[in-house]
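All chains are identified by letter, namely A, B, C, D, E and F, in their written order; residue positions are counted from 1 within each chain.
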């Protein structure tokens, strides 16, 4: 009787699974980055397109080689390397040399991610590791900016007029850019960070889909706005207004796409809030008192390092234990 | 000037040295704390540089851990092998040699070739996990085949053969029993080296059921029971069992076994010699 | 008791021996080290105030400076050791000034721990040479990424605005203090 | 029997410091100077030689006086001996090689607390004869020096494009300044350790085959 | 109306539409029945009959002397063919009585006790519950009489009838509440009487308006309250239901009675009602046969021991390539390896799913998305637990509360890396139990 | 103000472990568990503060007063060694709880470069007594911070699929490198 029945599949419960998958999540994150990517190419020219291409090629190739060398299952199609590749370029200056992009991409994938065991195990955001490494390796290149929409058609390095980012202008010259320009993105700065608007649109979709933890960006923004506001009230001449803080520099892309990286952010709700507050605090401290003009990247990296401790500190109370009633 | 400097430096160093050694002497007298003599001797054997490379808080921490057996004697990096040897001596590892060495054996013959697989198991590839839902072999008494025992073996004395069954390298096996603990289906067992015949099946299914699902299982035909007149072999719960207290090697029992689950086991290397000596 | 006495003796003994041996080594090496230090100081002073024959150390309150004279004993300038915070840590330098303090005759970075290859480039000759002939009134300044057009300005090291600014600030602050003393 | 062993093991004692008991890569000792001074080969070399001197001399002394020192003051006395030699090195550098002395900064005095030296003094010199102790000290400290040179070499080449001050990579190579900074030091040493481990693993596999 | 709920949980597609409108149908009794002697948590039963013996419907065929046990009765009249080890729904080999259905219609039921709870003696009722072999019919199969007789120091103040049926696909309880509402409430009253509680609540998920309506009307006559809870999985888990309705948290490692509550499934209530009123032992139950792998999904009143094959045949046979055969719901049900496995007292549903590619997917490393942390109804960190268990760090898993896991499967459901978290946890629990046993 | 700068500098900007490479041995050795790293951190902070005070006194009242600066290393280290040994014995005798939490880490500290390094840096920078103590506390807290962060990460990585040859010290060093990268963001905080 049982003979003719074909082999049944045995597995533990549950037998129903949601439709989310790593691949789908990463794919949607990539998709949501596209508007900002497209805008950055429009703004800074075809050279930026070349940077994206180089970064993507390097990231994918590196990931492929490492995974093969380690004899692990093929992981390229999960799309996480692509996210890293895009984000890496988005936080670089528009005329960063291509060999630098290659170096950054290799460092991001190898030291930022694979050294810890690949996707899911990394402690720091790989793209930020790549960027921080480049910042330390090529400190001059990383602070060389150009004005957008000038020399757009060109792909050479020399046709663009160099300029400072709004944050650098604020820091060293005390010039504060208009919030509207910052919001729409008609300012100098890193490739993908300029348009707060486009970044927000993508992020809102991701929040709706619950693919990013909304508490993180919200608490970052609130902390930055409140602290920035307090300092602005104390001394408006020296400290810029909170709107400027929110829309200038890498805060938007950092808060929305890098701090919220699932792997490197806390897993508890409370932890996310602490994490965000920490980032906001450090951003303000570095921007206003540090030697660097932009601190979002370092703030996130530093808080990444604290995530295991945050997770531990905010470990939820298990049902039916402690002060439940 | 030269002499003055000389005198001053000798005096100040001497002074510092004197004061400090006084403090230490007093401390040594007043603040001495009694300790486990083994810890103390272990501590004396250690380099005492408190480098922390062992992961413990200083040499005393390491010494205590060694004495309690929490860490291997070779855990001290600066000390190297010499210290390890000393420590081993101090801790006096006079392990009682077992009279007959124990060896682990695999009591299932139903590999990929022999056992019928009538379902598809999807999930974590460890025996322990697969055992929850039953694995993919039809026989519920069979080796699941994901090698938990191999992973558990601390001596690299096991491997999975191409037929999906674990194999014990008897030379390396120390009879520690880790594989026995790791196996969720009791396939692994420890045997005395002088037991030379074993039943390589654990199935308690009835003969016809076994016949259907495995070509190398005990079908409880009782031929062995009939052939061996010593009474050492019996079929209990549809499975042949050997009582070694009656007879260590009931050779006759294996002759007519239709599925060859009763077999002469691989001899334990080096054991024959010892036996002769006795 | 015997054991403890031995502890006491041995430790004191070794401390004494160490003190003795070291003082001997020191006595031999001290003159050499002294000479080394003086030579270094001399080099840096000659470097920042060119064409001098001799100099003299003066101490005025908390400030130390060197009065530099030419062969005829005429004061041709001052060498002023200065220090202050840079980007990473303390920067120590020597500033050479004309007797009326209106112009810098040269600077020499003595010690710094700025980022190598970035802020650390303030130690490069190109950067230090810029200060020759820079006017100190009203204050020394700096510009970025372009050639300076004022005679009080120098060009900052690319990408290392803060280190460059620190050097300028240290110089300005010390010149102001020095003016009060003279 | 002990004498025979001693003679045979002289070579072994000397060589083991280079690979099998390399103080940095295997014993993980003396990390502080390893990381701090290896911004260039010359710094690493100087540091290494300083350690060679201090370790050899203090091993010598310790193995001579080992029997008269009570257990309770072993460490303080050994440290005093070591510190004495370190001060000598320091004074020597200040007198003859001022620039190098400046570059190495406080890391020369920090040799005092370099675990390698105290470790060897304790583990080896305080238990073995004079001759073997010196051989052991030389082996270990040269192993240390060579590792410093390798590390310094990698960092100098990538960070400044030079080796021993001579340009080795072409103009086209933009040096990675990060290699001269702490992150570069940590990461390079970490990767070097990884390379060492994987070579060991491969050697072991080969041998077992 | 306030909607009661708890924190965490998931919303898997309900899929109840497949069978919810099909009324309960008496299933045909196949020629042979396989009645396992292990149908409850606790000491297994021993056969009280012999091979070849004739038995009558309702006759006890398995019994032990232990307290935590429930006797097994013959579901039909017939002849004992064999007593041997068979494949049990739990995936183990367990002893069972194989019956050949006979001709006679004779029954051997117990004496009816009456149907007015007010006049019934609670001690007598409790005894009857035990004799009738009633167990928790939601799937836990805990002997009911043990549950209804808590130790004296535990004051019970509330009895909850669990009508949530939060598992997707399953509609057995739903149909019972619509068709046999009277019996449910009568059973509930009897149990309340046994327990001596003042408050009896029926908790029903929002997505069963017809059942809510029906029971509300009926409670008007007999008393008791009906409360609506949010449609969310695992609303039907005892601990969650208590938290949602009463705001009480069952302590870690404790039972509902520790917070003064007893929870029973609607099926159990019906069984109690029948046992007391009609003297009928637990020999049949309502089973939902559903899923995209069967032709005509429906709800069947099936005798215990009926093979899955027989029920599936009555539900239109299989459709397409069958991938999984699950006993229970998709979230907590057990995958079966054979259609020969019998229905037991805890079988609430038979779910047959066509083969799909995802069923063969292997898992990826955890990406710490924290979906599972948000979903876990007992506030564990499943992601971490699964990593710890994967690394086989059993001790640490215990620290992280592995034993508090209720194995509801929410974490597993939401995991984008498709990690078999529940399996990791089950394995760890088993291993820990083994280690504990070894220590002793 | 100066004191605050010294403190911030020692904790964040010029972190002893991550930018001066001081105390690497215990940093690698005792960063496996968070609990022990916290204890170790506080033990180090305690000893650092204590030795900052004592070495300052020795430096100013013996070495400088008698003009024998060349005895610096010898005298500092012998004082530190004896001091640590004494404190350990003292705590051990007086308080079992304190000893278990803190005392057992003390022997590790003698050969911790951070202690001697602090004494030397303090002497080199000619801090005042108060400044030197603040420097000691700051350095100790900076060490603790780095150690605890590292312990947190290592506990996390315990369960990760780190490549075999990199397990242990190698990955710890690389993480230290990445931490140093992250700490670079604080550069310049002292140049306000």
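Convention: contacts are C-beta pairs under 8 Å (C-beta built on N, C-alpha and C of every residue); 3 or more make two chains touch, one makes a residue touch a chain.
The shown structure was predicted, so the numbers you read here are calculated from the model rather than taken from an experiment.
S.K.: Give the fewest steps needed to get from chain C to chain E, where each step moves from one chain to a chain it touches.
M.R.: Each step joins two touching chains, and the minimum needed here is 2.
S.K.: Under the document's definition of touching, what chains do chain B and chain F have as common neighbours?
M.R.: Correct list: A, C, D, E.
S.K.: Suppose you hop from chain A to any chain it touches, then on again the same way; how many hops at least until you reach chain D?
M.R.: Shortest path length, in steps: 1.
S.K.: Quick check for the class: compute each chain's Cα centroid; which one is farthest from the centroid of chain E?
M.R.: Checked the centroid distances; the maximum from chain E is C.
S.K.: Chain A to chain C: how many Å between their CA centres?
M.R.: Chain A and chain C have C-alpha centres separated by 43 Å.
S.K.: Counting only Cα atoms for the centres, state how far chain A is from chain E in Å.
M.R.: 48
S.K.: Please tell me the distance, in whole Å, between the geometric centres of chain C and chain D computed from their C-alpha atoms.
M.R.: 33
S.K.: Can you compute the centre-to-centre distance for chain B and chain C, using the mean CA position of each chain? Integer Å is fine.
M.R.: 68
S.K.: Mind pulling the chain C residues that touch 2 or more other chains?
M.R.: 7, 10-11, 14-15, 18-19, 22-23, 25-26, 87, 115, 117-118, 162
S.K.: Among the residues of chain E, which ones contact at least 2 other chains?
M.R.: Within chain E, residues 334-335, 337-338, 359-360, 362, 365, 390, 420, 423, 426 contact more than one other chain.
S.K.: Which positions in chain F touch two or more other chains at once?
M.R.: Only 25, 28, 68, 70-71, 74, 78, 82, 85, 110-111, 161, 163, 166, 171, 174, 178, 181, 184, 187-188, 191 qualify.
S.K.: Any two chains that touch count here, so list every such pair.
M.R.: Pairwise, the chains that meet the contact rule are A-B, A-C, A-D, A-E, A-F, B-C, B-D, B-E, B-F, C-D, C-F, D-F, E-F.
S.K.: Which chain A residues qualify as touching chain B in the complex?
M.R.: 7-12
S.K.: For the complex, which residues does chain C have touching chain F?
M.R.: Against chain F, chain C makes touches at 15, 18-19, 22-23, 25-26, 85-90, 115, 162, 166.
S.K.: Any idea which chain A residues touch chain D in the complex?
M.R.: Touch list, chain A to chain D: 97, 99-100, 103, 111, 133, 136-139.
S.K.: Can you tell me which positions in chain B touch chain E when the two form their complex?
M.R.: 118-120, 122-124, 126, 128-129, 131-134, 140, 181, 184, 204-206
S.K.: Could you list, by residue number, the parts of chain E that touch chain F in their complex?
M.R.: 365, 387-388, 390-391, 393
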